[in-house]
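Letters A, B and C mark the chains in the order given here, with residues in each chain numbered from 1 onward.
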Amino acid sequence: MTELAQPASRRRNWRSAGLWIGGTIVGLVLFCALFAPLLAPHDPFAQDLTRRFLPPYWMEGTDPAHKLGTDGLGRDYLSRLIYGTRISMLIGIMTVITSGLIGISLGVVGGFFGGRVDDVVLFIITCRLSIPVVLVALAVVGLLGSSLTLVVLTLGLLLWERFAVVARSTTMQVRHLDFVSAAWCAGASRPWILLREVLPNITSHLVVVATLEMALAILLEAALSFLGLGVPPPAPSWGVMITEAKEYMFFSPWVIMIPGVALFVLVLGINLLGDGLRDFLRTGETS
Amino acid sequence: MLRFLVRRLIVALLVTATVLTLAFALTRLSGDLAISIAGPNATDRDVELVRKAYGLDRPLIIQYLSWTGRALIGDFGESYFFKQRVATLIGDRMPITLTLGLVGLVIALVISLPLGILAAVREGTLIDRIVQIVALVGQAMPSFWLCLLLMIGFGLQLGWLPISGTGSWEHYVMPGIVLAFSAIPALTRLTRSGMIQALGADYIRTARAKGLSRLSILLKHALRNAAIPVVAIAAVQLGFMLGGSIVIETIFALHGVGYLAWESIAKNDFPVVQAVVLVLAVIYIGLTLAADLVNAVLDPRLRGA
Amino acid sequence: MSEPLLDVAGLRVSFGTSLAAVRGVSLQVMRGETHCVVGESGCGKSVSALAIMNLLARRASRTADRLSFEGRDLLTMTDGAMSQLRGDRMAMIFQEPMTSLNPAYTVGSQMTEVLTRHRSVSRRAARDRAAELLARVGITAPGLRLAQFPHQLSGGLRQRVMIAMALMCDPQLLIADEPTTALDVTVQAQILRLLASLQRELGLAILLITHDLGIVARVASRVSVMYAGQIVEAASTAALFTAPKHPYTRGLLACVPVPGKVRRDQPLGMIRGVVPKIEPGFAGCAFRERCDYAMPECASEVPLQVAAAGHDYLCRLPADWGTRV
């Protein structure tokens, strides 16, 4: 009995739309981050107390030199926004690398060796899941002082659980496939099998996890900076920008709208990219 | 079933012990606590006094065992700042956090269950797309920013809801909505995929062949099977919410456990921080145990009969 | 009683533009008779059965010249009205007893809900009827079984439960889609005996779908042979086995080794080639690539010929072609 699904072409169009939109957003942000000095019209740290709270270009009383207006200390909003992409991307990428290394190692080891080793790995994962992440991150930064490096380290040491879970389950699946047994029989050593047979096949799933974790790391850093326990001001982290603006948000809502929308769009773009990648990679699989 | 539960319980206890240790280690990260407590203007003598007063001169292992031993019976010591027993502090604030968490979970379930079911029944259509977009938007929304937006919108411009403090149920609406936002994407996706799978199962075809009504098939036959993973995730989400409410409580000035933790971090009040981490972890562990129990009830195959 | 219980004429089912699964199926089932539809996997027999009950997925499109049950038109019937017929006047059992029962509910609750849905009876009365039917299908300790979950029962037991469940409202027609395919051979025989005895006792009409000619020979009074979405031959069982007309039917029968008649070194009979996948708009005989007697005219429309009263076949060959060989 055959029950065909929706025509495949329509599904693919929808999925690739997400992939393209997400990819464009992320690419744009990455571009801004890399070329910030060239793109930003002003120095993001330059204060001008005579020109505080100039509104953005779509409102009245604007200054064409400051397209998105200025903040409470007269700093150009657009420039701070552009430089803020550096912080977000740095946080996102560095955290993912750190947490990815930890999580993937744990997951692959547990999934590959099974038995007691796997029990230990599962136990470690369960412990990590039980810890309230935001609270611990806040506590660490609160105790040791705000800094970019500390935030990256803390988030990297805390956000590895999804890597571990996915790496473990995909490794377990791959381990039982025939080509791994074939390699065994041919006399390949364990590290060789891990590196050459297992890893390439779990990479596609892990790339998707990486995008999701990157989005999460960026959101968390913004939240931490918003509470004053993340990247220290005057760094133009979008979280910092929002917290600096919140005292004035009832009078000029645009001060929190601009960095907030930027944050939202970036995270949305990363998620779209991740979802698009997952569907794109899934159509290439046989199972 | 009993063996299954006992095994889970043992693991839960081991995890608790580990988290205990981690919570203790957390506060000792900055090195000498006495210096942090005494403040930047303290002399060496002040620091020594502080050290003796708080028992920080004892060997680390003694401090650990002493705290652990007393924590097990619920004695978390005294707060440095509030001059109250930590257990009392937490006990006073916990109901607020729990209420917030439950409000958030209820709102999340009320929104994501119907949405997930709708998307599954109308799989592949425009409605399905819209639901998926809603889930995406929810996932990308920074919670602290959403708090501010709601404050401006509902608090200021419309004047419907209070923007801070605790008092009546109205104080929980906006925080609850923000909290729900964090759980809705995952719950919606899971309900949708679970329902799609359940609706494609052979026993649904049998139910249709028996002439059962569409509602009965949807809610009685399909949802019951789709609910199993959703329940597990809902419990986990509640755990996350309780831990993640710190930001929301701080912004809305809700005096719950999260706000307490925030204040304590700012004031280097270590006993409180340690205790809150431990309590939240234990609650999470308890929730996952409860989720396993509910799963065993919902899925007879898990009972190992 | 010459009015057929189930009257199907020109049933067509297609999935999108790429697959025409059923291309003009016509058959009639009389009260109290067992009518078998036999054919290979993929010939469209299951799809036909689902189409009759309107259980196909939304993407499938179904048309027919006539589709009536007990004189009522099923084609224009709303889904609500159809769902009242299903389980009550017409019932269906499926091939996979393992997955056809909901694992979350007891056998008893799944059986009683059929009765409470279609009749206003108390739950106690429904339970009693369920227990009675379980005993009727040969399950011992029915009270115990009612409280059990499907995963606690064996395959054969589950299929018996499915049959009992289908009979809860005393239907006139039972459609059985390969009910024994997934079961052991010994259990198969038991289930078939059960179906036959139920038919005798209850006057039940059975539309049995199978790929096994042995089953056809055992239980059917009439047979429709299906190939690539069409009925290529329809006759009484006796006529089909003694004087098959369509080359496909002959090929099928030749495939069945008969003990005593087959010599040890003789190769087993087979039909060369594979079942083609038919797109909408296909013309001519679908069997012609595999037929030893194909003519150029077979590529255009094939006539429906009458071999004898109640014996039709879809082929150009004359009715007496086999007898002269």
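Here is the rule we go by: a residue touches a chain if its C-beta (ideal position, glycine included) is under 8 Å from a C-beta of that chain, and two chains touch if they have at least 3 such contacts.
Since the model is a prediction, treat every value here as computed from it, not as a measurement.
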Just how many steps, at minimum, does a route from chain A to chain B need if it may pass only between touching chains?
1
Once every inter-chain C-beta contact is counted, which two chains account for the most?
A-B
Name the chain whose C-alpha centroid is most distant from the C-alpha centroid of chain B.
C
Whole-Å separation of chain centres (CA-atom averages), chain A against chain B
22
Please compute the C-alpha centroid of chain A, do the same for chain C, then give the distance between them in whole Å.
56
Overlap residues in chain C, where contacts from two or more other chains coincide
none
Check: chain A positions touching at least 2 other chains come out as 5-6
Would you pull the chain A residues touching chain B in the complex into a rising list?
5-6, 11, 14, 123, 126-127, 129-136, 138-140, 142-144, 215, 219, 222-223, 226-227, 229, 239, 242, 246, 249-250, 253, 256, 260, 263-265, 267-268, 271-272, 275
Per the contact definition, I'd like the list of chain B residues that touch chain C in the complex.
201-203, 205-214, 216, 221, 224-225, 298-301, 305
Which residues, counting only chain C, touch chain B once they are in their complex?
53, 55, 79, 82-88, 91-92, 94, 96, 99-105, 113-114, 117-118, 149, 151-152, 162, 165
Chain B residues touching chain A - in the complex, by the definition given at the top:
11, 14-15, 18-19, 22, 26-27, 29-30, 36, 124, 129, 136-137, 139-145, 148-149, 151-152, 156, 236, 242-244, 246-247, 250, 258, 261-262, 265-266, 268, 273, 276-277, 280-281, 284-285
